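Next come two complexes, and both contain subunit A; in the first it sits with subunit B, in the second with subunit C.
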Partner chain A sequence: MKHDIVIIGAGPAGLAAACQAYDSGVKDIVILEREPHLGGILNQCIHNGFGLKRFGQSLTGPEYAQRYIDMVLERGIKVYTETTVLSLTDNKVITAISPTEGLFYIEAKAVILAMGCRERSRGALNIPGTRPAGVYSAGTAQKYVNIFGRMPGKEVVILGSGDIGLIMARRMTVEGARVHAVAEIMPHSSGLKRNIVQCLDDFDIPLYLNHTITKIEGKDRVEGVVISQVDQNKKPILGTEKHFKCDTVLFSVGLIPENELTKKAGVTLDRATRGAVVDQTRETSISGVFACGNVLQVHDLVDYVSEESAIAGRFAAEYVLNGKRDKQTVKLSAGENVSYVLPQQIDKGLDGNVKLFFRVTKTLNNCTIRGLSGEKEVFAIKKRVVVPGEMETVILPKEKIELIDGGLTVTICD
Partner chain B sequence: MFDVVVIGGGVVGACILRTLTRYDLKVCLVEKQADVSMGASRANSGVVHAGYDAMPGTLKAKFNVEGNRLMPVWAKELNVKYKNNGSLVVAFCDEDLETLHDLKARGEKNGVPGLEIISKERLFELEPNICKTAVGALYAPTGGIVCPYGLTVAAIGNAMDNGAGLLTNFEVASVDRTADGFTLISTNGQTVQARLVINAAGYNAGRVASAFGDDTVKIGGRKGEYILLDRESEGFVTRTLFCTPSKKGKGVLVLPTVDGNILLGPTATEVSDEDTTTTKDGLEEIITKAKTVCDNIPLYNAITSFSGIRAYSDRHDFIIEESAFIKGLINVAGIESPGLTSAPAIAEYVVNQLIARHFELKENKNYSPYREKDSFFMGLCDEDKNTLIKKNPQFGRIVCRCEQITEGEIVRAIHQNPPATTVDGVKRRLRAGMGRCQGGFCQPYITQILARELNKDLTEIEKSGLKSNLIVGDTK
Partner chain C sequence: MEVKKLICVECPMGCNVEVVMEGSDIKNVTGFSCVRGKNYATAEVVNPLRVITTTIKTLDGRIVPVKTDMPVPKKDMAALIEKIKAVKVDGQIKVGQILYKDLCIGANLIATKNC
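Coming up: the complex of A and B.
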């Protein structure tokens, strides 16, 4: 079969991209979703706090998803659920499989990658100990609790203070489990401030900063963990061990964009974001292939995912309607105290402002964000505080973009 | 009453069981864990050794070389992943080079074909990521790799298809002598009767022999820890890399697995029980030593670490013989490295030499040496895939996205021989949950499918048996 735009993934990114692509004039759009339901991981995020920016009110994950699901269905956009994409080629042929359709191919004029991200696993951290039952990534535990209505454990220690870990600390507590500790190897949490307050402080759950799990115990099921303080090099300090009896360990140690399809298609990836290299239209190195949402960069809020995905949807539609654009791209790069900048390229030939997204590597107070093109300062913005847990943005007006010569480096200094 | 009962569902017991079913014998395997391949056979290097390591004249040397020859045949019949990738023993100084010449001579004496000492130029051509300090290597073209738990599961499954029995959760507690054999009594009160027993209990072979009244089997254990890297690192090395053994000890291996991962390890620590805890020191040792073999190891791609206990005997050679004290008990013990490689050859010997003394071996007319792969779906052509999905839509539902495993394959693995009854059992047969997300996405679904197919509640589904339940109750 052939379609104008094929969107891989019906989480918040895919849904928002589909709506915007439709509203930008392309009607022949299909969304491929591997789960039986639309909405992606939002379906298991039953807490509220979603949509404050996008809708001006606090929604639960499923409510936020439903708004977009309704918009997709109102537009009559074709959706295939329980459909897994097995491969994508550089000439935009998609191989997919589902129980009802079997194995099938779609030739697309444009493709939007919206596969989201996955959680880093315990193994990535090389934490010593046994490999018993009771070790889960926070999102897996969330699925058991919120979708299956079953408890993966009762006495819990959490490693990592990412947002899912914080949310699960509260959720498990509310469901009658005891959360003994949240350990965070960094001197700061990687989660949102509001989650620290509402999920830990309000429930008297201790957060141990500069701590990590140094041993997991238990043969069949987890029986306990040891956490230790770490030095500046993240090495455990001998003599600081604390033992906790528990039956469950949750890991919330980071999210990784799911770019296996992207990589196999030959799209250039950014080592820092682990997502595709894109310009401000969210077009990747393969012409007509766009990426948005957490598959591109891990966002703090779903509201930003929707915002970014609308960009990809709009430009994918323009690509289908107007064909390939000639580009005059300049490269953006991360300088001092910045871990990445997205987009990684700006096409100077396009009109309009460009919103830059970036993350800092450490907490800085009273600092200045600078954009440098060679020796030239393109912009300088003062900030009271920046933290690694929260994404920073800067809007670059068209006249500033004109000033960029060769490339732009974003730095943050005291 | 069985003619032969094999104790231990590791690779040695598995290969013996399979070989027994070639003949008209009533046979059964008992395993103390909830699944087969739960000891050393699930956590080792997966190397099919060429055979230059063992001293000439030892059982190790004999069965290694013979096993190396048999392995591709077994792997093909059983549809187990095997690769003849060749191995390299890398030298980093002149003294090492001398050792390589000794190893080569030893290997030739053992009957290893094709051994060759290669220059560093050739070495870097073969393996560009080897440390630049390397000065040469011994190249063994017959070296290979195999999936150790895949071989174990497939050999037992094939034996069961050919009529063998399997009893899991059967830990031998005591043995009664009967007029024509033995009664084995398990810790949970089950009994099995056998005319002849093969003790292939791995680390527990000494304890099992003692239960029969033979106290001469002395087994020790050595823990080996490993670090596994994601398949994203595929191609970092393509051959199995050993360090030249020296006074400084043995280094660690850097090698590919048959699935395309990179494996680093093992360490070697004396242990006094079967505790497979990984340690900070062990994992650090692997990293330090691996860095002396290769440059730029993509350690950021680590997806898991694990350890296994390797059993060895006080003879420091394999024990493969009928007990001198207990007639009808055959001990196959102390099968340390190169045990995996040797297993098919050991099985041939045990059955055709040792068992043949007790039974007249008549051919099993219905014997088939073949077994279909557990994860077969993605290997089919498009047309066959669609025919199958039409017949059974479960084959169109991908459950494990990282390894592309369908619900149909999981259901099949739960019901075919040997049945997968735990989450780890599904994982070892299909790789579902072994990929980069390590089961983060698919584990809840696999748990659900197991509960449905085994007609159990979610709280009864275990990760790997006994008390390893994943769910403890309901939400409020």
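Coming up: the complex of A and C.
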């Protein structure tokens, strides 16, 4: 079959991209979704705090998802659920499989990658000890509790202060478990402040910064863990061990964009974001292939996912309607104290402002965010505080973009 | 005089707000960047409120995510969670449907998903 726009993933990114592409004039859109339901991970995020920016009110994950599901259905956009995409080629042919269609191919004029991200697994962390039952990623535990209504355990220790870990600390406490500790190897939390206050402080759950799990005990089932303080090089300090009896360990140690398909298609990836390299339209290195949401960069807020996905949707539609653009791209790069900048390229030929997203590598107070093009300062913005747990943004107006010559480096200094 | 240190959670800025108290009187509030921060800090030291989100089970065993449609007093959270868990629901449930009227201070328990 042939379609104008094919969107891979019906989570918040795919749904928002679909609506905007439709509203930008392309009606022949299909969404392919691996799960039986639309809405992606939002379905298991039953806590509130979603939509403050997008809708001006605090919604739960399922409510936020429902708004976009309704918008997609109102527009009559076709969705194939339980459909797994097996491959994407550089000339935009998609191979997919589903229980109703079997194996099928779609030739697309434009493709939007919206596969989201997955959790970093424990294996990557190399913790000594046995491998008993009772060790889960925070997201898996969330699925058990919120979708299946089953508790993974009663006495819990959490490694990592990512938002899902913090949310699960509260969630399991509400369901009657005891959360003994959250250990974070960094000197700062990687989660939102709101979650530290409302998920840990509200329930007197201690957060141990500069700490990590150094041992998991138990043969068949987790029986306890040892956590230790770490030095500046993240090496455990002998003599600082604390022992906790517990039956469950949750890991919330970060998210990784899910880019296997992207990689195999030959799209250029950014080593820092682990997502595609894109310009401000969210177009990747393959013409007509766009990416948005957590498959591109791991966002803090779904509101930003929707915002970014609308950009991809709009430009995918323009690509279908007007064809390929000639580009005058300049490169963006991360300088001092910045871990990445997105988009990685700006097409100077396009009108309009460009919103830059980036993350910092450490907490800085009273600092200045600078954009440098060679020796020239393109912009300088003062900030009272920047923290690694929260994405920063700067809006680059068209007249500033004109000043960029060759490339732009974003730095942050005291 | 007592100084209470809070982090404003009204937006991702997370301003560090300090409230100077004398007994139960608020003497001064500093550190906020906008009026929402001042209001948050004032409410937080007097009567902190939270929206409760959790799940309940239908009679036939489906899991329904629910929330209070208004923030409720933090100090009553444990008791309210118990009350919510005891709520019995049945049949098709729509997002926004009231499952329990006036749980406390006028807040209703509503479903957050079609189930």
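In the analysis below, the second predicted complex is superposed on the first by the 414 of 414 C-alpha atoms of A that agree within 3 Å, B and C clash if a C-alpha of one lies under 4 Å from a C-alpha of the other, contacts with A are read in each partner's own complex, and residues count from 1 in each chain.
Criterion: a residue touches a chain if its C-beta (ideal position, glycine included) is under 8 Å from a C-beta of that chain, and two chains touch if they have at least 3 such contacts.
Keep in mind that this is a model prediction, so the values were computed, not measured.
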item	value
In the superposition, subunit B vs subunit C on subunit A residues touched	B
Which superposed partner A:63 touches (first subunit B, second subunit C, both, neither)	second
Which of subunit B and subunit C A:118 touches, first, second, both or neither	first
Touching partner for A:137 - first (subunit B), second (subunit C), both, neither	first
Contacts of A:34 with subunit B and subunit C, given as first, second, both or neither	first
Partner chain(s) touched by A:149 [first = subunit B, second = subunit C, both, neither]	both
Contacts of A:220 with subunit B and subunit C, given as first, second, both or neither	first
First, second, both or neither for A:194, with subunit B first and subunit C second	second
Residues of subunit A contacting subunit B in one complex and subunit C in the other	145, 147-149, 174-175
Complex interface listing, subunit C residues touching subunit A	6-7, 9, 11-14, 33, 50-55, 57, 61, 63, 65, 67, 74, 77, 81, 95, 112-114
Complex interface listing, subunit B residues touching subunit A	227-228, 275-280, 282-283, 302-306, 382, 385-386, 389-390, 393-398, 401-402, 404, 436-441, 443-444, 448, 458-459, 462-476
Subunit A - residues contacting subunit C, complex	43, 46-48, 52, 58-60, 62-63, 66, 145-149, 171, 174-175, 192-194, 196-198, 202, 300-301, 384-385, 387, 390
Residue numbers on subunit A that touch subunit B, as the complex places them	34, 82, 84, 86, 97-103, 118-119, 121-124, 126, 128-134, 136-137, 139-140, 143-145, 147-154, 174-176, 214-215, 217, 219-221, 236, 247, 260
